[in-house]
Structure formats: C-alpha cells, structure tokens
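Lettered A, B, C and D in written order, each chain numbered from 1.
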Amino acid sequence: MNGRLLITCPDRHGIVAAVAGFLASAGANIVTSDQHSTDPEGGEFFMRMEFTLASDDFAALGHAFAQQVGERLDMSWRLTDADAPKRMALLVSREDHCLLDLLWRHRRGELPADIPLVASNHPDHRSDVEAFGVEYHHVPHPNEPELLELLRGADLVVLARYMRILSGDFLAQLRTPIINIHHSFLPAFAGADPYRRAAERGVKIIGATAHYVTEELDAGPIIEQDVARVSHREGPEAMVRIGRDVERSVLARAVKWHLEDRVIVHGNRTVVF
Amino acid sequence: MNGRLLITCPDRHGIVAAVAGFLASAGANIVTSDQHSTDPEGGEFFMRMEFTLASDDFAALGHAFAQQVGERLDMSWRLTDADAPKRMALLVSREDHCLLDLLWRHRRGELPADIPLVASNHPDHRSDVEAFGVEYHHVPHPNEPELLELLRGADLVVLARYMRILSGDFLAQLRTPIINIHHSFLPAFAGADPYRRAAERGVKIIGATAHYVTEELDAGPIIEQDVARVSHREGPEAMVRIGRDVERSVLARAVKWHLEDRVIVHGNRTVVF
Amino acid sequence: MNGRLLITCPDRHGIVAAVAGFLASAGANIVTSDQHSTDPEGGEFFMRMEFTLASDDFAALGHAFAQQVGERLDMSWRLTDADAPKRMALLVSREDHCLLDLLWRHRRGELPADIPLVASNHPDHRSDVEAFGVEYHHVPHPNEPELLELLRGADLVVLARYMRILSGDFLAQLRTPIINIHHSFLPAFAGADPYRRAAERGVKIIGATAHYVTEELDAGPIIEQDVARVSHREGPEAMVRIGRDVERSVLARAVKWHLEDRVIVHGNRTVVF
Amino acid sequence: MNGRLLITCPDRHGIVAAVAGFLASAGANIVTSDQHSTDPEGGEFFMRMEFTLASDDFAALGHAFAQQVGERLDMSWRLTDADAPKRMALLVSREDHCLLDLLWRHRRGELPADIPLVASNHPDHRSDVEAFGVEYHHVPHPNEPELLELLRGADLVVLARYMRILSGDFLAQLRTPIINIHHSFLPAFAGADPYRRAAERGVKIIGATAHYVTEELDAGPIIEQDVARVSHREGPEAMVRIGRDVERSVLARAVKWHLEDRVIVHGNRTVVF
C-alpha cells in the first residue's frame, strides 16, 4: 500500500525522529517528507509523509501510531490510503470552463479521484458532462435537501463556478470539505461581480482564489491564488475572458493538492506541502 | 525638439486624422502614437503622440493646436517637451530600498529627470543620498510648511516608502502629482501593516501598488501593480523581504512612465500608454 | 463594415497623417490604431488600424488606398474585413489538450473563426471533435496530397500538437499561414523531446512557443511564448503535465491574435499589435 | 549551535529514520527537513536538515555521524555551522547593478556572509564599494595569479557580471564554488551578446540564469532562472535595461540559497531545498 500521514501538533524536540522511527519499525519506506513549524519554540508543527508499506492493514497501522506516537505528542493526525481515490462531486452554474477543465484533467489522469456526479442549477451542461461518462443532475435552486442527498457519500465537493450561496445549515449537515473558486484576488473584491468592481477600481492585475468554503462568504482558508495582467484596454468583459484561464488553472491546482492530501487547514490558513 | 502630445476628449469621427494632419502640416514627424477609446460611440478618447519637430517654439505650436484642433474637438490636452527633464523630489522614511533603487536607476540614465532633493523624517540616509550628489533634508514630522517650501518647484513628488500621511491641506497647496508605493495589492490591505494582515489572512501572493496620491488614503488612481508568490513558510518578516523587491520595481516603472508622460488620469483610473 | 488595415513601409514623415487623412476622407472612423517604427530615421514602419465604415465596398476602398497612399509611400498593406471570420483548420496528433482548448474557446466565442475541419494522423479524437459539430478526418501519415486537398480553402492552419514534419514541398503548395506550438522556450530545445532534454539540462523554468511554420524546423517567426517554473522535483513526466497548460494558453493567444490580424511578420520576427 | 546537514546517497529504506534518530539521540532538534528522491527504487536520495543543538562540538558530531550513519548508508554528506557566515568574494566588470544589489542586500542583513573584497578589471566602482566598507581591488585583465591570491580563503566567489573568462587552470587551482549570472535563459543564447541575439531571434521573453561555473562556458549546473516579457518594441538596448532587474534578482536568490546551504549539485543539475 501507499500511505500518507498528515500531522499537526505543538512543536517540540524529536517529532521527526519519533514519526520516522515509528514508520521504519513498521516496515514503511518514507518516499517524501515535508514539514513546517511556525516557531521551533512553542509554535505549531505540521508534517506530511508519503510512504510505501508491504501490509495493507491501515487500521492496525493507525492504531499503533496513535498508541506509540500520536497521543504522547498531542497530535492531530490523519492517515490516508494513497491508492484509494476520493469521491469528488462537482457543482456548477452557467459558466462551464472550470467544469470542463476538471473533467478533462480527470480523463487525462491528472486528478486522482472518482467523479460520481455533476450537479447544476442549470440544465445546459448535460451532454458535455455525459460525454465524459459522468452523471448529470439538474437541481434547480433552491433545493438544498436534494443537493444534500446527492452529495452524501462525496469526500470532496468542488464549486466549479457554482454561483449560489449555500446556507450555513447546509454546510453543517454536509460536513464534507468544499472547495470554491472565487474570481478575484481575495480579500479584494469578495462577493458579487468582482470583475466589474476590479475594472471600476482600475487595477492592473486580476486574480482568482481557490479556498475552502466556510459560512462567511469568500472568507475561508485560501489554498491557491494566481493572477493575470490587465490594462486600461480591458473592460469587465475582457477581464471575464482573461480571468477564465486563471480560474480554471487555480482551481485545478487546489483540487489536485487536496486530492493528494497536501493541504492542512490551520485556523483560517492553509499549509500546502 | 522632441515633443509629446497627450489628449483626452469625447470620442468622435476624425480625431486621429485631425491631430495627425495638424502635426504633419506643422512639420512634425510622429514617432509613436497610442490611442484608446472606452467606446467608439459616446465614449472617452485618449491619445499620446511623440513627435520630432525642427522648431523649438512650443508656445506657438500649442497656440496653433488649441485654435485649429483642441477647441473644436473639446479636448483636454497637454504638450510637453521630451527633452526637458522633470524635477522629481523624493520623500522617504526609514526603509531605503525604493530610495536607493531610484537613485541607482537615475545615475544609470534610466529615469529622465533631475532630482533636486531627498527629504526624510529620519536623518539616516544622508550619506547614501549625498554620495549620489543629491541634497538631503531632514524634516522631522510634522512640519508640512517646511516640506511644502522644499517641494515648491518640483514637477513630481515620489513617496519612496514615506510612512507619514500628508494632509488634505498640504495636497491642496502643493498641487503637484505625487506617486506613492503601497506595499499591498490594492484594494486589498489598504492602510497600515499590510504584510502582517496578508500573513494573517493566509494569502498565497503578495503585491505592491504604485498610485497617485489623493486625499483618501491608498485610494488614488493606480499606475502599476505587481506580485510575488509566498507560501505558509513566509511569515510577515519574510513577506517584508520579498515585498521589497516588488515594491522597488513597481515604483520604478510607475515613475518612469510618469516621467515619459505615458500616464493619463481619468476619474479614478489611469490610461498607461 | 468593420475593417482592419495593416501596413509595412519605410519610415518617413507624414505616414500617420496620410493614412488617417485618407480614412477620414473615406468616411471611416478609426477605432484603434497602433504603430511601431524600428527607427524613425531610415527604419521600417508598421501600423494597424481598426475602423468602421458605412460602405461595404472593400474593393473600392482598397483601390483608392493603393492609388492615393499605398504606392506613393511604398507600402506593403493588407485590408481585411473584420466581420468575415477566417477559416481555420486544425491538425493534431495524439495529445488533445491544445485541440480541445481551441474548440472550447471557439464555442465560447473567444476565437473569431470558422473551423471547417480537424485532421489527424490518429483516429482517436473523432467523437470529441464531432461533439463540437466539426468534421474529423483521419489522414494516416504520410499522405500529404490528401492533407493538401483537405486544407485547400483554409485561411489558417493550426498545428495543435501535430507531431509530423511537413515537407517544404507541402508548405510551398499550401501557401497558407501555419501556426505551430512547440513545447519549449525556443530557441532552446528545438526539435524532438524538449521536456526530456530540459530535465537533463536541469532548467528551472520550462516554456512553450507559438510560431509560424517555415521550412526550417522550429525556426519560424515567434508569435508568443510563455513559461512555468519547475524544480528538481519535476522530471520529464511532470514537465509534460505542467507544460500542457502553458502550451494551450500560448497557442490560444497566438491564434486569437492572428485571427484578429494583429500579427505582422517582418523577416524572421513578428510585430504583434 | 545551529547546524545544517546535507546528504546525498542511494535511496533505500530507513534513511530518514536513521538520520532523524541519530540527531534526536545526539540531542539535536530538527527545525526544517527537506528531502528528494529521483526514484524510491534505485534512485538517488537527497536531504537537508536544519537543527539546533546545545553543544558546539561540530567535529564530534560529524565523527559520530560518519560512524553511525554515513558510512553504513553510503552517504556523501556535509555538516555546516549555520552561525558561521561564509566568506564571499565578488568579481565585477563594468556593469554595477548586480554588484550594488548584493552589497545592499548584505547591508540589509539578507545575505548571511562576510564580504572580504570586491575585485574588478575596471577601476570604476571603488568609491561605491568602499562606501559599503568593503575592500576594492583593481586587477587588470589578464592577471589570474593576482586574482587567485586575492580569492584564496574565500568560501564562495560570485561573478556579478564579470565579463572575463576564467581559465580551466584557474578554476582547478581555486577549487572554490563560483556562481555566475548569465544574461540569458540558458541553454538559449550561451556565450557573448545574448540580448542582441535574442532581439534578432525575435523572442517574446528574455531571461537570466545563475549557475555554478565549470570549465565549459555557461554550461554548469543551473541554480535559478527567471524571465521578463518583451515585445517588438524592445530592441537590444531596452532588453539590457529590463534584463538588469531580472539578473540582479536571480543572482541574489542563487547566492542566498548557496549561503544557506540549500543547493546540492548532482551531476550537471542542482537540487535546491
């Protein structure tokens, strides 16, 4: 099996040695290892290790890790099976560029996930989506109960330009990570119509931001951002066109990193290994 | 002589032909020409032309232009002598990276300007500045009357990380364009301590913005912006270090463009040719 | 009608005035104008103007322009109808990312062209292409006569990762502009297997180049280039994946600019307005 | 003490555990850890760890590491004292932008090094350099024996736009790492006059490359590269101006990484942690 171990704990002496020693004694070979500390003295410590192991008994490995390392060092930790693709559901409204990009990357083998379904408040994308062999559900807004039912069982929900606001109740019931792509360089231009407001402010660079969804709109932990230059020649329409390319690549990177268990949320920030 | 003509007017038929025809009949050779229209129907039209002319009589050329073209087509226009360097005064507080970068570039011939003086609310930079053969004035804050006196006669004032707020009264009396460098990607993180706030928000990209100073803090017309990537590894101190390189290059470009008469302010936005 | 006028001629006094004056007297309204001179004294002059005109008689306008301006000023010039989409044929081999990206953009209205056909030396992309309502032709290599027959009538041929070399004879007979995307930052790594060679050289940045095809491989006039960062972590396979995103966006920009008549070839270089 | 341990060895099971375990048992606290493997099966393994340790006895630590870990796992390794600044000598010819940038960054505390001297084949920079409190030596070319004498004792030599070729004999005798900044995006435009050749080829992006010097000109292991966009408007002179900013920032990053022991050379490539 190929496994990943993600750890958050108070920084102190000997963490790397304890974890690496545990994995070695369990017969695991560490393939990559990344770590970060906010402060070696009294800070927070983050680590991600990928390893290979002859055994497939995750439960036993986790149990042993908890007993021998995790509890003693006060760790929040997560052990994931790198060979088990996550189930990723996509939500989309009218704009199809992020949706098609994710479906195409998935077909290329760039995204280690299963895509059980695409749901949309518009009927428009059915044939495109079905051509990729993926189920399409038209769920007119507002119908959160139906959405909730569809998304049960997903490990990740991606808002690939889904332009409806999900209620706090919905989020509380879903309890699944949700990644959104916002078409601005947050925290600038949170909320509606960011390209129009960017044009009015006369910015020289526009951007896009992929973040985890929290109840406060466009305020969740940022996973990835990128930008593109604009000039006085680009009004809001041209910004929309240029911005599409930024949005789709930012979202694809964020999704890929999440699927590879590279993202650790810490307060309202992320560590991306 | 080498001249530049900058024009803002309501868009309508025949503007380019009228201006180009006037310059040709005056014996001028157009070297570069840029134009922009917000909308060919009822929009605003902007143009910048560089030209060479045998005569040196700017006043006559301007007078003729006003009579034959400018008034008829409702133009705001400006005629500048490309061979006459502008007088550029620099204000700085403690951080020297933007200051030294501008002085180096000036010495290398990159910035077509005279630098009559540097003024600072700190005494620290005297020997550095004087090594460039430039006067240094230490003006402890707040002493706007002394500053005003020093800056009279400047064509441009550059706030090269000058961390004091200039009063509306001061701006009204100075009546000279002022370019500021703000160490964030505006409109995000206007005001104090942008790197600390960027780190707290967990952004993945930081930026800098050069803009004209207006009475509202960090809200004037943006001339140029640029960005640099950061990650969870960079706290506020590392952002300060990385940001310095962005700040100095953004400010240098904005200053250069202003000195070359490439920037037209229109409302709260700029056209940069 | 909406027209575009592209001009190349020896630089001299009065060109802008002559052209703008002609268009004004013909009743045209200049919407955008760009110009470039390699040297005001004895250099080469390039200009592109977009204009609107009540009449639709292109032939008459061209005839008058030749007589009144073009011949006198030694111009190479081209007058195009901005409302007439060019016919753009696509050639592709096994990699589909550039192909699909162009088809998506076309469907979204980003590319002002008709796409009469896609031809490939592989049968694989038929259903993808036909889903866009575009004809698909499988032309096993080498069959240049059949290709030539298919491409007759095209205004532009785009090699969207077409990995076969077209013979000099073929190019001579086709006489249509051909845009190729090469998966390196030319002139580095011209020819086969650029990502493998980039990895072996240990570069820290990879790139892609869109250029017009000439008989010498990967040596034609460059239209657009862009890059992406890599590190020691990225071997050739990861470079292929990262490079795809660069290739498709570089090719899309180059194609768009060509379709909008923004590119003037001059020797082995391009002016892109 | 603060130490750094750099390791290259054949990849196999248990390396991280062995190293981390050794450091933990020696009382060291690992502050950061990075690793890379070209292939978990039979590849090459690289690691860099920063650690703190109560003791200051580097020799004892190194001795113990060799015996307990290094020899058994076939390691090339290097243990460095993070508190001991390296001695960095700078060579420069006429262009001063890289030189001044390094001196200024050093004064800002960005570069953990001592700068014992600057040597140049030109006398021009004496007063600038001495203003930073650094010795200046004018060594007219060719005088490799004098240079060699001056550079003895340096831990690093930086060619900050030094435009003379150093002989293979000189390199063999000096035996100190040398970092050069080449003003092109290598491997394109190795050798003389890269900006002129870039302009002739009509590239749309220019670059700069920092690399270790080897006997073959501009062919040594690349540490860092970066780029800037140009257009038809930029001839060789403008490229020189734009390129300066890229050169100085690329060189500064490469030098900083070397000084922080982040670069491992492997064949003709680098791993940069």
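To be clear about the criterion, a residue touches a chain if its C-beta (ideal position, glycine included) is under 8 Å from a C-beta of that chain, and two chains touch if they have at least 3 such contacts.
For clarity, every value in this text was computed on a predicted model and none was experimentally measured.
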Q.
Same residues or different residues where chain A meets chain B? The copies count as same if more than half of the interface numbers are shared.
A. same
Q.
Count the C-beta contact pairs for A-D and for A-C, then tell me which is higher.
A. A-D
Q) In whole angstrom, how far does the Cα centroid of chain A sit from the Cα centroid of chain B? A) 41
Q) Using CA atom averages as chain centres, what separation in Å is found between chain A and chain C? A) 37
**Q.** Where chain B touches two or more other chains, by residue
**A.** 36
Q. With chains as vertices joined when they touch, what's the shape: line, ring, star, complete or other?
A. complete
Q | Contact footprint of chain B on chain A as seen in their complex | A | 36, 38, 46, 185-189, 200-205, 207, 221-227, 231-233, 235, 268-272
Q: Spell out the residues on chain C that touch chain B in their complex, using ranges where they run on.
A: 13-18, 20-21, 23-25, 29-37, 40, 52
Q) Which part of chain A faces chain C closely enough to touch in the complex? A) 97, 100, 104, 108, 110, 127-128, 131, 241, 245, 249
